[in-house]
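There's a structure below that I have some questions on.
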Amino acid sequence: MDAEPLVQDLLSGKVKLYAVDALAGSSQRATQLRRTFLEHKAGVSLPTIGASVLDFDAVSGKNAENTIGAAQIPMGVAGPLWVRGDYATGSYYVPLATTEGALIASTNRGCSVITASGGAVSRVLADTMTRAPLFRVPGIEKGKELAQWVSDHFEEVRAVADAQTRFTRLTGCTPFVTGRNLFLRFEFSTGDSMAMNSATKASDAIAAFIEERFPWASLVAVSGNMCVDKKPSAINLVMGRGKSVAAEVLIPEELVAAKLKTTAARMEEVCYRKIFVGSARAGSLGGFNAHVANIAAAFFAATGQDLAHVVEAAQGITTMENVDGDLYASVTLPDVPLATFGAGTQLPTQREALSILGLSGSSDEPGARCRALAEVFAAVVLAGELSLIGALASRDLTRAHMSLGRARP
Amino acid sequence: MDAEPLVQDLLSGKVKLYAVDALAGSSQRATQLRRTFLEHKAGVSLPTIGASVLDFDAVSGKNAENTIGAAQIPMGVAGPLWVRGDYATGSYYVPLATTEGALIASTNRGCSVITASGGAVSRVLADTMTRAPLFRVPGIEKGKELAQWVSDHFEEVRAVADAQTRFTRLTGCTPFVTGRNLFLRFEFSTGDSMAMNSATKASDAIAAFIEERFPWASLVAVSGNMCVDKKPSAINLVMGRGKSVAAEVLIPEELVAAKLKTTAARMEEVCYRKIFVGSARAGSLGGFNAHVANIAAAFFAATGQDLAHVVEAAQGITTMENVDGDLYASVTLPDVPLATFGAGTQLPTQREALSILGLSGSSDEPGARCRALAEVFAAVVLAGELSLIGALASRDLTRAHMSLGRARP
Amino acid sequence: MDAEPLVQDLLSGKVKLYAVDALAGSSQRATQLRRTFLEHKAGVSLPTIGASVLDFDAVSGKNAENTIGAAQIPMGVAGPLWVRGDYATGSYYVPLATTEGALIASTNRGCSVITASGGAVSRVLADTMTRAPLFRVPGIEKGKELAQWVSDHFEEVRAVADAQTRFTRLTGCTPFVTGRNLFLRFEFSTGDSMAMNSATKASDAIAAFIEERFPWASLVAVSGNMCVDKKPSAINLVMGRGKSVAAEVLIPEELVAAKLKTTAARMEEVCYRKIFVGSARAGSLGGFNAHVANIAAAFFAATGQDLAHVVEAAQGITTMENVDGDLYASVTLPDVPLATFGAGTQLPTQREALSILGLSGSSDEPGARCRALAEVFAAVVLAGELSLIGALASRDLTRAHMSLGRARP
Amino acid sequence: MDAEPLVQDLLSGKVKLYAVDALAGSSQRATQLRRTFLEHKAGVSLPTIGASVLDFDAVSGKNAENTIGAAQIPMGVAGPLWVRGDYATGSYYVPLATTEGALIASTNRGCSVITASGGAVSRVLADTMTRAPLFRVPGIEKGKELAQWVSDHFEEVRAVADAQTRFTRLTGCTPFVTGRNLFLRFEFSTGDSMAMNSATKASDAIAAFIEERFPWASLVAVSGNMCVDKKPSAINLVMGRGKSVAAEVLIPEELVAAKLKTTAARMEEVCYRKIFVGSARAGSLGGFNAHVANIAAAFFAATGQDLAHVVEAAQGITTMENVDGDLYASVTLPDVPLATFGAGTQLPTQREALSILGLSGSSDEPGARCRALAEVFAAVVLAGELSLIGALASRDLTRAHMSLGRARP
């Protein structure tokens, strides 16, 4: 088939956007045809969207559909960032992709403070992906009975789940009975991939297994919004999801002065008033931080994580304390879905970004590489928090000086 | 200066990453040098990150720092999507950039259902950007006094704010006294830009104005976490931020059957059990939807919005109701920061993506273009919700049939 | 009719519990008959429930039904408590009714500290009762239209509301459109009564007024759970309900030492770690305090407030700060429904309890007496917070000493 | 000592309120003296507060201090209520103490519907009291290490806890590391008492045990606000506290019509729009019900529960579903602290109230009696929900009829 006729057919509505791949013989060619169609349709020109390095035959269906090209987001690096994790140790240059000016520069400053202070301790506190299928049951009694059955037959259930995928392993289940609804929040270890798909596949298999045995239990949705995927929620904050990871650093007084131009006492105060009193007064759930979402979004965009997971990763608690003039700072991030393997991490620029960290692909010890990535993530989030709170505290100081200055005759 | 010596200096630590732009004479060249440095440092090769269309002399400082190239995220389109807004009317092809397979295809299906049903009604319910500077005050009495003063002198305060920027206008202020903290949540109309920077600049000017008049009031942070920027929060859910926008559609019974392979009754049930009972049980605040974050992230990445704002945009309520066999569906999104002008929307691929919608740049009636974008956004979010809930409901149906089938001799 | 036959009829099921009042000729007598019936039925004896001062002919229907007597809850007083409010000034003995040992003693200690420090400043920040009727509307467009109509015809709507009751006045309305649901959150000033009933009556009248004019709008519930009455919620935290009241005190260093046996620095730390980090980590919404609910419950039980409103009153933020050795402490309570007039406040013991405060009944300046009660309430809550945090901080100190002691040879 | 001189000394400030018990020789007499003092001081008369059945020598220190008498709250009964629990089976008359008219009558109507429908199924889903001491630790690493140690030495830790009290047994521990804070959320089984005091005592002993072994860990507060006691919180909603209990009933269509004057379809709609859409839009956390707090407060006041715990008990989810014309209704209450033994349950009127249920004191099988109480509680809460939603649905129906009526010529 010729290109132009297909574009004509798109314009006339004879052919649908998604049908072009098959008709054009390749997604690479379909990508170009759809772009041409849009250029005609909207009377615009889309050269930069078209100028991508992507192989759309590889991308199509796996990462995107109805493709027309790529969005290009500026990528920079912050670092060196000294990380003292269980899995990640040493100095890292952290790739960040963003469209917001000053973010990378600010994070870079935070990295510099951390590194000069001997590095950030970073620890994975828990590592569990979850899926919570939702069953319609006749009522509380039956819901309780089924929840008990899953607990009693956990080994059988685990066998069903683990047969579905190579790396994802069922590790636990928390049931929630609510009227005629039974939510089974399954927990999985997932190796180096984020593994939502594997977890879903495993949950689906478990659901079928259950439905066969309990004719009165019927799957309503393989995700019952108690996983919780891509939505703000207390359950993830409390029970964790993906990587639960934390980082901390102790910054000597002289570095607070030299690099952040302020004092530990002032940073402690800004943290307390803004992050704790402010977020409490605003009715925030999990948003007790300065701007974790900024670093999460930039890190996720650069390294091929699911950008919708920024919603989860942005939940976190930042503390800053004046310890005899030195500054203790920490971040606690209970809900960070991450991967070094699969999905977006396989795309060319994203894979390269992970390679800068030496953390692309899967590891011999399943999960070790991804946990290293989580440790780096927590440390760079800490860098971002330090830099922003430092800037606020230091401006505060400047103002105070200016105001003193003004007062003089 | 020669390239190689600068790379050497980076490797030896003599030159810092951020110093390269000035030394290299251009950010375009600095971008390449930093990349080369990283290739040496990490022993990797970064050709695709380097293969970008970006002009780093334009990008640097404005959108990113320490640049090394770009992240490329696959972009596709969903549509045509018929939108019946006050500002956006007609058929749209919506650009979405994502790395998650099936998302665009699924959203596309939702668009098809909406369009076949005569389009989605979409309305901007409110349009306000906020910044909430935080002042340390001597106590409740003084805090109350200052809050009252701002109310009494609102015109003066407005003049100070409006002198700072061309398009951003102060429209209101809600004070929150909490012990020795006074939060002034300022509201702005912002034309077609998202205008966090303008709002910050205006808030800073107001703060200086206040500090001059009230020596006992001292700015702790120009953002006191009651704005709330990029964090989950109830205050934005209740009072709104950015665009508060909603969309709805009534889908005839036969289209539910033909295109979603299910019934309105089943979709209503899935929505009720998963979205309402599930999210209530999970302790969600604002996450009463199926996967708004997915569409928000893809739309934001394609059109140059701040990706960290996905945290806010993902808050929303989805309803689905069986109306005598037809399906009524709606989304309510109280907190969507958007722009058609400025920041990430000026970048090449992002500007082209907006041009596909005919919604790039600023409009003669300030804010009208961005409100149109908000209406399209709500409609495409609705498409995503319909498709996912439809898929769950239809699988449920399939299972039910299979189960009936199995039961037969 | 004779007593015994009626008890026989109750036992045989011939007469229902609620029918006894009419058959017995008086509720006073019915109360005794039901008690006798229960004594027979359950084989128990209920002399103390029967030994009440209540006149059940006055109580029945107004405060309770199917009455059998009264629950007696021990009442004590804490004080003197020096309050420096706009409405309440001077020294108060605060009645508290509780079954939990140590609570009154502890609060009393807090009162003593406050009074010795020159009293607590207390301020009513806002004073608004709310009711939010919920209408079924055809969709977003109509919902928006109706919300606009209410705004445009506010004076008419107010006239309808204000005609219903003597003291309750409509002061505002915030609309929330959500799919086919329109919530109109009406705000009322209520004089000295809590006025839920008046607000409901006024809302009902408004609803009828609206339904007459908009045949497509139909009242689903006069309370649409956005009031929000007697449920935890962010909207009340952010927008306030009932009395929004705050209190603060500055306690000199020597009084912290002498009366609380600790230091301002330690109390600041306990407050920060427990109240802010702890409640943030627990996913609390509005529960950033030590034990506001304890004082609220005891104050409400003593003074005849609606005990279910403890759920709302318990939302609050407590801050404690070390100011050069002195302790600054504050409570912010955005949602405290209170009355000095009507409902439970008219009962004998409750009216006497209010009379101890000199705050029983309604005032010449409508609302002034009840605002005074709110100021006293905030001050006594502050006393409770100070005493508990002080005890924790001081035990901490003791332990430190003991631990030092143990370590010695 | 003579009475009058002591009153004189109180009036002159020579003697403090709390000192009177010792000086007067008995709390019974002290109660009267304090009352006399207040009568003089405030120029009021307090006869009804004084007319109590309480023995203040037994009450003082155990339930209240600085006693002056008692608050009398009207008590009525709702019932018979047929409960089909694991622990409570049969027909119950439920004592409720309240000052709010119509509450008992309304609940009584709900009981009648449930009983006519064959009773409410009621189940205790979990039964755990919690205390979460908070330790200051040097940082994340040490926090993680200590959390691990507690897990590894759980039997030792349990022995320490269990040695403190007769009935309270340590059953689990969930650690939360957050910067320099370690929260250990201990779980206890508590027999028939609510056991906050025992749990506190056990936690204190564990804390001392830990501090001895880990000199770098220091108890900041025996409650770190992650228990969470008497504050709204997500952690209790998700993980449960006290009794997690649920109840349900299926009401035949004809009973919905005859007793509630409405239909299952209408009640389902009111429940969906008000409870789910309304509370979601209001930013409620755990408040997905109609008025659980009302029944909780009345039940707690009557039976001697801690009234501040109403804050926790009011969290719950109510569902109502139209099942082919019949109405399925359920309540899920994850956080209900209850006792049949100890504290307020020992007081005369409260003990009598429990005896009406046959559930006063402790049982041979520790915890069985209190679980029965929880089952009755969930059932009566369900009654309250049914009655209120039914009333709203039925008024809606009436209005519809009236409106039809009005439309006729």
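Labels for the chains are A, B, C and D, by order of writing; each one numbers its residues from 1.
By our rule, a residue touches a chain if its C-beta (ideal position, glycine included) is under 8 Å from a C-beta of that chain, and two chains touch if they have at least 3 such contacts.
Values in this document were obtained by computation on a predicted structure and should not be read as measured data.
Colleague: Counting C-beta pairs in contact, does B-C beat A-B or the other way around?
Modeller: More C-beta contacts join the chains of A-B.
Colleague: By how many degrees does chain B turn when fitted onto chain D using C-alpha atoms, rounded in steps of 5?
Modeller: Nearest-5 rotation angle for the superposition: 180 degrees.
Colleague: So, what's the distance in Å between the C-alpha centres of chain C and chain B?
Modeller: Computed from C-alpha means, the inter-chain centre distance equals 39 Å.
Colleague: Distance-wise, how many Å sit between the C-alpha centres of chain A and chain B, to the nearest whole number?
Modeller: It comes to 16 Å between the two C-alpha centres.
Colleague: Got the chain A residues that touch at least 2 other chains?
Modeller: Residues 178-179, 181, 234-235, 237-238, 277, 279, 281-283, 285-286, 317, 319, 332 of chain A touch two or more partner chains.
Colleague: Which of the residues in chain A end up touching chain C in this complex?
Modeller: Touching chain C from chain A are residues 234, 237-238, 272, 276-277, 279-283, 285-286, 288, 317, 319, 332.
Colleague: Over in the complex, which chain A residues touch chain D? Could you list them?
Modeller: Checking each residue of chain A against chain D gives 121, 123, 125, 139-141, 144, 177-181, 234-235, 237-239, 246-248, 250, 283, 285, 317, 319, 321, 328, 330, 332.
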